[in-house]
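Okay, handing you the structure first.
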Amino acid sequence: MNSIPVGVLGATGIVGQRYVSLLENHPWFRVSYVAASPRSAGKTYAQAVSGRWLMGTEIPPAAASLTVGDANDARAALGKCALVFSALEMDKQALKTLEETYAGEGIPVISNASVHRWTPDVPVLLPEINPHHTEVIRFQQKARGWKKGFIAVKPNCSIQSYMAPVHALNQAGFPAARMIVTTLQAVSGAGYPGVPSFDMIDNVIPFIQGEEEKTETEALKIFGTVEGGVIVNAGGPLISAHCNRVPVSDGHTACVSLEFALPKDKKPSLETIERVWTSFSALPQELALPSAPAHPIILRREPNRPQPARDRDVDKGMAVVVGRLRPCRVFDIRFAALSHNTRRGAALGGILNAELLKAQGFFD
Amino acid sequence: MNSIPVGVLGATGIVGQRYVSLLENHPWFRVSYVAASPRSAGKTYAQAVSGRWLMGTEIPPAAASLTVGDANDARAALGKCALVFSALEMDKQALKTLEETYAGEGIPVISNASVHRWTPDVPVLLPEINPHHTEVIRFQQKARGWKKGFIAVKPNCSIQSYMAPVHALNQAGFPAARMIVTTLQAVSGAGYPGVPSFDMIDNVIPFIQGEEEKTETEALKIFGTVEGGVIVNAGGPLISAHCNRVPVSDGHTACVSLEFALPKDKKPSLETIERVWTSFSALPQELALPSAPAHPIILRREPNRPQPARDRDVDKGMAVVVGRLRPCRVFDIRFAALSHNTRRGAALGGILNAELLKAQGFFD
Amino acid sequence: MNSIPVGVLGATGIVGQRYVSLLENHPWFRVSYVAASPRSAGKTYAQAVSGRWLMGTEIPPAAASLTVGDANDARAALGKCALVFSALEMDKQALKTLEETYAGEGIPVISNASVHRWTPDVPVLLPEINPHHTEVIRFQQKARGWKKGFIAVKPNCSIQSYMAPVHALNQAGFPAARMIVTTLQAVSGAGYPGVPSFDMIDNVIPFIQGEEEKTETEALKIFGTVEGGVIVNAGGPLISAHCNRVPVSDGHTACVSLEFALPKDKKPSLETIERVWTSFSALPQELALPSAPAHPIILRREPNRPQPARDRDVDKGMAVVVGRLRPCRVFDIRFAALSHNTRRGAALGGILNAELLKAQGFFD
Amino acid sequence: MNSIPVGVLGATGIVGQRYVSLLENHPWFRVSYVAASPRSAGKTYAQAVSGRWLMGTEIPPAAASLTVGDANDARAALGKCALVFSALEMDKQALKTLEETYAGEGIPVISNASVHRWTPDVPVLLPEINPHHTEVIRFQQKARGWKKGFIAVKPNCSIQSYMAPVHALNQAGFPAARMIVTTLQAVSGAGYPGVPSFDMIDNVIPFIQGEEEKTETEALKIFGTVEGGVIVNAGGPLISAHCNRVPVSDGHTACVSLEFALPKDKKPSLETIERVWTSFSALPQELALPSAPAHPIILRREPNRPQPARDRDVDKGMAVVVGRLRPCRVFDIRFAALSHNTRRGAALGGILNAELLKAQGFFD
C-alpha cells in the first residue's frame, strides 16, 4: 500500500500541484520527491508554493515538508523515486532534452508535456485505447541505451472527450472516416495564470494556439500500430477541428459530426452505437487500475447533457460523458462529449498511465 | 423625419422593450402604439413595465406615456400606426391567427415570431440577401383578400452570423454544397427570464429546443425563389447544426466548416473569399436604409477574432463579423462568424425589414 | 445503520432533490417516503423528476423507485417515516398550516422554510450554537397537544457564514454590539429557476427580496434563551446588512465589520480571536454527529481567502471558512466569512438538525 | 475644434489604449504623440499594438500611423503636444521621477498612476468635488521651478462611486462622520492581463492588494483644503473598506453604510438626501466640459439598482448611479453606488481633468 515513491517535476506549477494533490491518498504511489526551478530549490514545498497554492484542498502534509529539488538536475532525483511525473513548463527544446536526461539516468518519465508526443518511439497513452503501445518502450530503451528509464506521454486534453467513443466504435467494426469537431474548452486547460478574466467574462475566444493541429493529428498516433520499434500512425480518421475557449472552469466539451468508413448498409444504428458505448470496457477496467473509471464511457439520454457543471466530476473525472447522439444531416451521426480536462485530460490521466505501466511491469 | 407611426405588439416583453428602445431616435419611425396582454392594457406603458424594464437605458419618455392597448384586439390598433412589430409571446396557433387578423384589418405585421416562417407566401427577410422576396407579399395579399395589410418575418437568430457570408460567396459564383455548423449562443436569445443562472454559471448547455431544426432549414427558404406566388425553397446547402448555449449575454458565434458545390479547380482561394466578403454590399446599403450597416460583412484578420465581447456591437450590432478563415481538412474552408442576436438577430433586424418594405413602397 | 426511515416533502424541487441526494449514503437515515404536489403524486420518483433532475449525481436508485405521495395529505406519510424534511415551495400561510398538520399527525417536521422561524415555540437551530433550544419542543408539543410530532427549522442561508464566528467570540467573553455586514450571495440560494442568467452574466444585483430583514433579525432568536416555554430573543448584536447577488453558483461570502460590546481595554486581540475561532468546537462535534464538520470554523491566513470556488466544499460544505481578520478603522475588527449555502445553509444543515434531534431523543 | 495636440504615455497598455480610443472624436484634443517602452519605440502605433489591441473598436486611424516614442525620453515629447496623459506601468519610484521630468521639461502631466497621489502639492482631482485644488499647481510650479509643466492626478477607481454622493451631502450641510464601505470591483480595474480567469469564474476574491488603504485615505485629500501651497487633508470622514473582486467586466459597485457628523435632530431625511443628490451639479457642468456628465449623480428608485450591466454606461460612463437609499440599522443611511471604473474611474476621468485644467487656463 502506498509503497512506491514517485517524484513530481514542476511541482510548484498548477499541474504539478494537481499531481501532488491527487496523489495524496493514492493506494500505490506516494510523493517522495518534488522538483521545480532553481528559484524554488532548497525551500520546503510548503514554502515554495506559499501564496500560490491553487487547489481547493490543503497542501498534503506529507508533501509540504519535502525539500524542493532543482528540476534541471536529474541526478538529484536518483534513489528518491521510482518514476517522475513531468509537469514542467519551460522552453520546449530544453524540456525535450531534460526529459531524456532523466530517462537516461534510469528514471521513467510520465510526461504531461507535448514535446515528445511526436517522437516515434515514445507512446502517447490512453490506457483504454492503446495500452499495447507501451511495448514500444523496450525499443525506445534499446535504441537509446537506457536500462530502466523511459519516456511515456499523454495526449492533449482537447481530444480526450471523443477518443474513447470513436475507438469503441472502431473496435466494434464501425471505423470513422471523417470527423468535424468543435470544442468548447475550459480555461483551466490554459494553465495558470492562463486566460485573463478580462478576455473571458461574457465572451468566447474562437482560437487556442496550436490546439487544432494537436486535435487533428494526435488521434492518428494513438490509433496507430507498433511496427519496427516505432509507432506508425493510423491512416484515419480525417479530423477537422474548431477549438474555442469558453467561460468554464473545468471540462472540455466537443460537438462531433462523424462519417463512418462503411457502406450505407453496414453503418450502425443509433441503438447499436449506444450499446457499443455503454458496454465498452478495456484493460484498465480489467486490471482494476486505481484511477480507472468503472465505465470509461457514460451515456446520458437527457436531451441537454452532457454539461460541464453537471457531468465533469463523474467517476473522479475519469469517465467520458457522451450525449445527444442523433443522426447528422451531412455525415452519419452527431454527438456531444465531455471530458474533465485537468483530471482525465492531465494529472489523473498521467497517474493512470503510471498505473498501467506499473501493472505491465515497466518499473518496480 | 420620424413621421411614420408604428406599433409594437408584446411591448412589455424583453423583445418589445428592445423595439421601443431602439426606435426612440429612429429617423423614420416613431412608436405611436403599444399593446400587450389584457393584464397590461389600460395602463400607461411606464406603469406596465414598472419593475420589469430590462434595458440599460431609460424608458423613452414618448413611449412611457402611451396607453397600452390589448394586443388581442387588432382593431384597437387601427388608425394608430402604419404597421406593427410583433414581439408577442403566446400560444403558437393563437399567435399565427392573431397576426393574420392584424393583416386582415389592414395593418402590416413585421414579426419576430417563428409561427409564419414556413407559411409559403410569407417572406423570411434578410434584406442583404433576399430583398426581392417581398414581391410575394402582393400574392399573399391577393390570395387572402387583404388590401393593405400583410405579414413579413425575420429568420431565427442562430443562422444570421453565417447567412450573409454564405450568400456573398454564392452570389460570387461559389455556392456551398454542405456545411457543418456549431453555434455558441448567448443567453439573451432565450428571452426573459430564459436560462436560469444556476444552469449557466461555469457551464455550457449543448442543446436548445428546436434550434437545430431552424438552423438547418430556414436558410433554404431565404435562398429560395419566388415562383407562382409562393417561395420555393432552394435545394441547398445541406446543413447540419450543433446548437449550444454558453455564458455570454449577447452575440451568437458560429464555427462553420463548408464544402463548395464546385469541382476542385473551381473552388475559390482564401484570398478570393476574403475579397468577396469585404466587398459585399447589397440593396440596404444602396438604399442607405437607416439601420443597415455600412459593411454587412466585416472581416477580422487577427487569429482570435471574432469575439462576442469585442465585436458584437460593431456598426450598431448590424454587421456580421467573420474571422479565422482557413482551409478545412475535411471540407473546403472553415471560419468563425458572429452576429448580435438581439440587434441584427431580433429587434433591429425587424426594423431593417420595415425600412426595406417602406423603401419598396409596401406601406405609406 | 441507515435504519431510520425519513420522508422528504417537496422532493421534486431543487432543495428536495438535494435532500434525496445527500441522504443517499447517510449512516442513520434512509429516504423511505417522498411527497410533492398532486401533479407528481402517484408517479415514481424517477418519473416525477425526469427532465428536471438538477443534481450532478444520478438519482439514488433506492429513491428512484419510490412512489411520490401527495404532500398535502399528511396522513399519507403516517407509518412511512420517522420524520419529514420539509422543502416545500407553496403559499406561506398554507405551508405554515400544513407543517403543523404533519406535526399534529405525530410526524416531526424539520423545515427549510421560513414560515415558522418567528413562531416563538419553534426553535431555529444551528446545532453548534443553540442545541439547547430544542428544549422548547417539549413546550411546543404540550401547548399544541402534539404527542410525537413537532416542528424545528433552520435559519436563512445568508447569516450562516458569520453566526458561528460571532457566537464563538461571544461564548469566549467577547460579545458583539454592532455589525455591518455585506453579503455576496450565490445564485443557488434563489432556488430554481431562480435568477435569470440574463441578469447575472457580467453583473451584480444589489438586492435580494426580504433577505436583509432575515439577516438582521434571525440572529437574535438563535442567540436567544428559552424562557417560559418560548424563545426570547437576545438583545443584540445590532446588525445592518447589504445583501447582493453575484455570479457564483454556490457559497455565500460575508464581509463583516464588528464592534465589541466591551470597553477598550477588554477587547480581544487578533491573536485571541484567531485562537477562539480555531479552537471552537460544540455539541455536534462532541456527539460526533455524522454531518457535523470536524472543525466548525476554519481559519485561512492567506490574504485572499476565503473564496467560494476554493473553500466552499471544505468538510462536506459544513464548515465556515473565515479569513482576512484585521482591525476595522471604524469598528473593532473586520473579516470575511464563507458558508456553502446549499450544504450548511440548506439541506445538509437540515440533516444535521435531524441528527441533533435524534441524538437528543426527540424521535425514535 | 480638436485643435489641442495631446500625448499618451504608456499608449500600448490597456489604459493607454483607452485614452487613444476615447480621444478619437474629442472636440478639443487630438492625439498627436504616443510613447511607450523602448521595445515599442520606433514602430508605428498600429504595429506596436498589433495582436494586443484590446478595445472593442478599431484603432483610430489617425493614431495608427503615429510613430511611437520612447516614454523614458521626456524631451522627445517637446513641441509635439500640449500635455501628456500618463498611463505608464513601471517601477513606482522610476515613474514618479519620470513624471517630474516631463513636468520639468514644461509638459503638463495628467496621470492615472498612484505615485503622486500623496505628493502634498499635487492635486488629486475629481472635478465635481475639488476643482479649486488646481490652485495648488501654481505653488507646485513655483516650488520646483517649473514654468509650464505640472502634475495633476486622478484618484483610485474604487472610491469614485461614493465620493460625489458624500460630497454633495457635505456641501448641503450634512457631513459624514463614519462610513463602512464594501466594494464589488470589476476585473478591468486590475489592468491587463490582470486577474486570471481561473480565479474569477464562479468566484469572488475578497482582497485587492493595496486597495483598501487607498479607498480609506484618498477621500481625505480630495475633501482637503489648499493651505500654504499644499493640500491639507480633511479630518474626515473615517472610512473602513472591504474590497472584493467579482466576475464583472466593468463597473465598481459600493455598498455604503454612513453615519452623519450631526446631532440626531439635524440629520437629513431620505427625501432630503434624494433631493440633494438629484439636484447636485458642479463646475464641470457649469463649464459644460465635453466629458462631464449632464447629471453627476443619477438616482435610481427601483429596488434592485444600480447594476453594473445596466447602469455603468449611463452618460458616457461618467455619471455615478446610486440606489437602494434606506435607513441603516447601525449608522444613519445605507445605499449602493456604481461608477464605471475605466471611464469615470480611469481614462475618461483623466480627460475630464484635462478639460478642467484647460478651462482654468493651466495650459494653452
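Per-chain numbering from 1; labels A, B, C and D assigned in written order.
Convention: a contact is a pair of C-beta atoms (placed from the backbone, for glycine too) under 8 Å apart; a residue touches a chain by one contact, two chains touch by 3 or more.
Computed from a predicted model, the values in this text were never measured in an experiment.
Among the remaining chains, those touching chain A as well as chain D are B, C.
Relative to the C-alpha centre of chain A, the farthest chain centre belongs to D. Centres computed as Cα averages put chain C at a distance of 43 Å from chain D. Distance from the chain B centre to the chain C centre is 47 Å, each centre being the mean of its Cα atoms. Distance between chain centres (mean CA atoms), chain A to chain C: 40 Å. Counting partner chains per residue, chain C shows two or more touched chains at residues 199, 201-202, 247-249, 309-310. Taken in their complex, chain D has these residues touching chain A: 14, 54, 187-188, 190, 192-202, 247-249. Across the complex, chain C meets chain A through its residues 51, 55-56, 201-202, 249, 302, 309-311, 313-314. Partner chain D is touched in their complex by these residues of chain C: 178-180, 182, 184, 199, 201-207, 209, 216, 238-240, 242, 244, 246-249, 253, 255, 257, 303-310, 323-324, 328-331, 334, 336.
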